[in-house]
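This structure is in structure tokens; I'll ask about it shortly.
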Amino acid sequence: MRLLVSELTHRYEDLTVLDGIDLTLAEGEILAVIGPSGCGKSTLLGIAGGIVAPTAGSVRVEGAVPDGCLNPITFIFQDFALLPWRTVEDNIALVLEHHRLSAAERRERTETGLRRMGLWDFRKALPKQLSGGMRQRVGIARALAVRPAMLLLDEPLSALDAQTRELLMDDFLGLWRREKTTALYVTHNLDEALRLADRVCVLSRRPGRIRELVTIEEPRERRQEPSAQAHLAEVRERLWHLMKAEAQMADREIARA
Amino acid sequence: MPDSLPASPSAMPPARPPAGGAAGRTVAAQPVRFRGGGFTVKRHGWAALAAFAALLAVWEGVSRLGLASPLFLPPPSAVGRALAGMVADGSLWLNLKASLARIAVGWVLGTLGGMLVGFAMGIFSTARAVGVPLVSAFFPIPKIALLPLFILWFGIGEPSKFATIGFGVFFPTVIATYSAIDSVPRNLIRMAQSFGLPWGAILRSIVLPGALPGILAGFRITASIALILVVAAEMIGAEYGIGAFVLMAGNLMQTDTLLAGVLVLSLMGLAIGTVLSLLERRLLNWR
Amino acid sequence: PSAALAQAPEKATVGALALSSSGPIFIAKAKGYFAKEGLDVDLKLFTSAQQVPVAVASGDIGFGVTGLTAGFYNLASKGAVTIIAAQSRDEPGFPLSAYMATNAAYDAGLKTPADLKGKRIAITTIGSTFHYMVGILGQKHGFTVKEVTMVPLQGVPQMVAAFKGGQVDAVIAPSTVSRQLAADGAGRILGWVGDETPWQLGALFTSPAMIKEHRPAVEKFMRAYKTALAEYHAAFNSRDAAGKPVKGPGYDELLAIIAEATKQKPEIVAEGLPYVDPQARLLVEDVVNQVKFWQSEGQVDKALDPKSVMDLSFVGQ
Amino acid sequence: MPDSLPASPSAMPPARPPAGGAAGRTVAAQPVRFRGGGFTVKRHGWAALAAFAALLAVWEGVSRLGLASPLFLPPPSAVGRALAGMVADGSLWLNLKASLARIAVGWVLGTLGGMLVGFAMGIFSTARAVGVPLVSAFFPIPKIALLPLFILWFGIGEPSKFATIGFGVFFPTVIATYSAIDSVPRNLIRMAQSFGLPWGAILRSIVLPGALPGILAGFRITASIALILVVAAEMIGAEYGIGAFVLMAGNLMQTDTLLAGVLVLSLMGLAIGTVLSLLERRLLNWR
Amino acid sequence: MRLLVSELTHRYEDLTVLDGIDLTLAEGEILAVIGPSGCGKSTLLGIAGGIVAPTAGSVRVEGAVPDGCLNPITFIFQDFALLPWRTVEDNIALVLEHHRLSAAERRERTETGLRRMGLWDFRKALPKQLSGGMRQRVGIARALAVRPAMLLLDEPLSALDAQTRELLMDDFLGLWRREKTTALYVTHNLDEALRLADRVCVLSRRPGRIRELVTIEEPRERRQEPSAQAHLAEVRERLWHLMKAEAQMADREIARA
């Protein structure tokens, strides 16, 4: 599925957070969005997912929807958003409950998700019994259960420790290799963007405007190889250069009380 | 995939889910459907006033139309007249003054005692272990059942009234205080210990301000309890007081005067609630 | 009404307190006098006199017997209740309520009921029978209720507690309580209300609507009530020349009925059996005085005509 | 640095802080001093029992030594005898049954009504705006003041007793419910919306279970309130019931029986508290 | 100041979290501690700081204490541990309050901390009005106000976004260049360890034992230079190799309920 964002502007009361965003995601593309804190990244994602109503401008989708898709545009959250009172498998079942699926189909989808994410042995566990990494795996399994056409990821790894982050990035790469789902990936972390994205969209400090769209030429599969490092270091340098001043200023800005 | 699928797959789940395993579809460009919103609290300043006005209108209407006998439900106009009468002959102020003094003293005593015990239970494990069951045993004892004993212990003067209100306030304050102390973030206490702050300073600078929100929330409950108990307290030989006034009106079956007294109690409740809101906004502006 | 309807017993509920002053009602019920009249009467017991007329006003019960209070007259003034007959009354030689002084007050000179002027007296509530008893005592001895300090304590236990604790100088207490207090040495009995100021303590009442719509039933109720009253009067109200109680016909049987109904020992009940008029006639003068007293106290609407609270047609006064 | 500095600088702040600017010092190897601990709650199961035992002993002692008149404060042995008497003649069960039925029905009615209104206020902004001031106006109205009106409105039978308890329970339940809904994490609701869950499913699967802890905490308070109000409720023409029993014992000045009745109320409070704890442990095991 | 940890073992009830730790920190050394989640890193730090009483073994200190030091061993916390009801300057003043300092000295210490951390303009702000980065700067300023001889840092950057993390690492480097404070630095993040530490201590999964102590040969000042990258990449590879299996297993371990 393709995403077409045009002339998008958003205001919370009198605070403008997004200003004239124009953006197109190609079928199967992964676009990373980086930008200083408070610049409107989560808002942009919310608008793309139909959770926030934009003040002006439009977000449209078109293109292929996979077989059996129940929720074409699906979020993966930073805080996992698991129901603490449901077991792992019931958390996944939640998003299937209000669809008319056969019991077998429902079971099949839950089980596939559990197995793919290595959660099978933990299907009866409550979220509180899981580590952060396991919880995000549940979040991913839940998203996969609806067979999405597009994933919106809002800093999916930033609540995790660095080691678990590395492990989950491998999971994501495996996922995309199989599914080719279009994805909008919001992050603060240049390394994540460099590892996962086809293009990186750099937003300015609030009100968020597109400062630059940087394409990473190296294919995803080869980015771990030594030969790729030079190009990646160069892109990294360029992105960090774009970011640093904005980040410094944003960090020193007193939040609205 | 069955062709009963809707043309709009955007953010909308298909109305009839797929049963088979046909190939995926392609959809034409279409806007993302909004599916958020709701489950937030917006302010509607006018609504409260409108509600009160509507309530009064319905009440008056019911009486005017003769749907309820004025004995059973005197109309607001009659209640208003009774209230105006109280203002005119000065009895409102006399009764209010007496009750406010009792509420103030009783509430302060109960609150101080409750906070003291609550702090002890919040800080010392032994005090907690002893206190919790005692509180749950004594809390549900109805104050009115003990009025004769209160008279024997505290006489019929002001002390027994302070005691009635004070005991009613004491137990909820104890519970609110130790729960509030439980909710003080432990990391702040560990931080203070790691900087070598003495025990007293930790109590004063961390535990007390950290428990303040919970304690203030408790005040909201105990203020209502104090108002409720002023009637029980003034069962004991009170000459003046809103509670005594309401009891007398009830005994004399003067339902309009009774409701006028109840209205005064209600307004006192609203006033105390407002004061507490202001206090919270001032003291807890850091939240 | 058809014959079938007449045969089915009419339902009625009567409210009373579990006190011996409600004795005639207990007797009428226990001895089947209501049933004989074709009435199926339910007895509903209350803990406070004030609630009985309210229950009549709300239509929960058809009849009530209890002491007369300012609240009663306020309900009467709103057309909710009407007195149709007498219940018990304070009468010389019948010790129902005692004026009691604490030992300290007695030693300080409170020796007779007349000395109560200027003293602190525990009563249940403003507008209660106790309040009126202070009022008529004042009428007799030339002081107003303003000249005593009445301490309303809502209930007898609180009054006893305040009396024992020396919080008040005096109390007007029911005979059982006052005898107990005197026996404990907590205070002294100065005299009896019946001896000092006889008055119409209680009445049988119903709602005007009842009289209007079910007059035959009220008449049946009255017949049964009067039968029981007469029996009660004969058994308990006889006195010999010295004023000592004489056991009349059926004394033990009736005493057992009342003891059963009030859940008290017969000996205790026997000590506090009040006087009743065998024809259920009211002390009309006193009822008028009561209304005027409450009106002067500002507790009953001045517009109330004292005569309008009574319907004397059932007792033929 | 002044030489008044203690030899132990490890985790211990210097007793006399430096005033000047001399060079740093060197200290010999020494263990790090422990400065943590405290401010946690440990369990002492025995303490509660010991406290109750001590309380009873002191109370009995005071009576035995003649420090308090048995009329004013009957010894626990007398209260125990009175209680045994109630058990023996079956009146305990009779009274308990009557009161339990009233508490149960009144509490359930008040709780259902309160949760319904609380849910409306938690979800709809308009209901909230209308409800909050109405609740703060009606909450502090003392139920005993309204007894005469309750008789007129609900009669003298069970309905007026249910109403007394129900209204007492209603308002705290409303407050607990809407506060509990406020505390349901908004991110879970947004998640459900983003998966296209219908409004009713969000309510059922997310808002209700998420609000449960707060609602159960409210039950603790309303259970105590129901116990307190059973006495007020049974002031209205009740033949049986623990409240009526206590009132009658008071009227007859039987303080030992009175306290036996109060003891029963207290034990009911403890029992209900225990049941709620078990319920919480079962329903909220996910916390 | 030097830190001497010997034969250290710690148990919470029947859960052993540290087992026979022997460790020495040299004067002015920065030792990073890495290890899977739950292996006892925070516990180790708590014991070193006198906040947790060890089950067995000893932790001793010796050596130089700087001039005017009020609290030789001082923590910097992951969650900042600021009092939300105090302004920035009062949060710093808190740790000076119970010492007999002259008013001037107190003011001077607070002001120095505020200025050094670029907080002067925010001294009257409440914590809620600050961004995460600013909050941790307040935490650092507070620690500096007592002139510590040794810093214990428990994942001081992991609650921050990647950009702010980069900025604060620069602050730390500046700090150590000036103060030469001994530091025990717990982190999950290999990049942080590689940027800041002299040596890296790798702990095993619970119960934590020392798996290896890796020395980073390259001096801290030169680690950003291209010439250093080869060595750092090699150390990184080695550390990640030591970590990965343990991290994976720890992540999949159900936490104790």
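Lettered A, B, C, D and E in written order, each chain numbered from 1.
Simple rule for what comes next: contacts are C-beta pairs under 8 Å (C-beta built on N, C-alpha and C of every residue); 3 or more make two chains touch, one makes a residue touch a chain.
None of these values were measured; they are calculated from a predicted model.
Novice: Strictly by the touch rule at the top, which chains does chain B share as contacts with chain E?
Specialist: Expected: A, D.
Novice: Counting one step per pair of touching chains, how few steps separate chain A from chain C?
Specialist: Each step joins two touching chains, and the minimum needed here is 2.
Novice: Taking each chain's centre as the mean of its CA atoms, which one is farthest from the centre of chain A?
Specialist: C
Novice: Which two chains does the highest number of contacting C-beta pairs join?
Specialist: Answer by contact count: the chains B-D.
Novice: Can you give the whole-Å distance between the Cα centres of chain B and chain D?
Specialist: Between these chains, centre-to-centre, one finds 14 Å.
Novice: Using CA atom averages as chain centres, what separation in Å is found between chain B and chain C?
Specialist: 43
Novice: Specify, in ascending order, the residues of chain D that touch 2 or more different other chains.
Specialist: Within chain D, residues 11, 13, 35-37, 71, 148, 152-153, 190, 193-194, 196, 247, 250, 253 contact more than one other chain.
Novice: Using the touch rule from the top of the page, what residues of chain C touch 2 or more other chains?
Specialist: 50, 54, 57-58, 155, 157, 160, 164
Novice: Indicate the residues of chain A shared as contacts by at least two other chains.
Specialist: Chain A, residues with two or more chain partners: 49-51, 70-71, 73, 98, 126, 128.
Novice: Per the touch rule above, enumerate the chain pairs that touch, sorted by label.
Specialist: Result of the pairwise touch check is A-B, A-D, A-E, B-C, B-D, B-E, C-D, D-E.
Novice: How about chain B: which of its residues touch chain A in the complex?
Specialist: Touching chain A from chain B are residues 1, 9-11, 13-14, 16-19, 21-37.
Novice: In the complex, go through chain D and note every residue touching chain C.
Specialist: For chain D paired with chain C, touching residues are 71, 148, 151-153, 155-157, 235-239, 244, 247-248, 250-253.
Novice: What residues of chain B sit close enough to touch chain E in their complex?
Specialist: Chain B residues touching chain E: 187-188, 190-198, 201, 205-206, 209-210, 212, 284-287.
Novice: Quick check: in the complex, which residue numbers of chain A touch chain E?
Specialist: 36-38, 118, 122, 125-126, 128-134, 155, 158, 161-164, 166-167, 187-192, 240, 243-244, 247-248, 250-255, 257
Novice: Quick check: in the complex, which residue numbers of chain A touch chain D?
Specialist: 49-51, 70-71, 73-75, 77, 79, 81, 83-86, 94-95, 97-98, 126-128, 146
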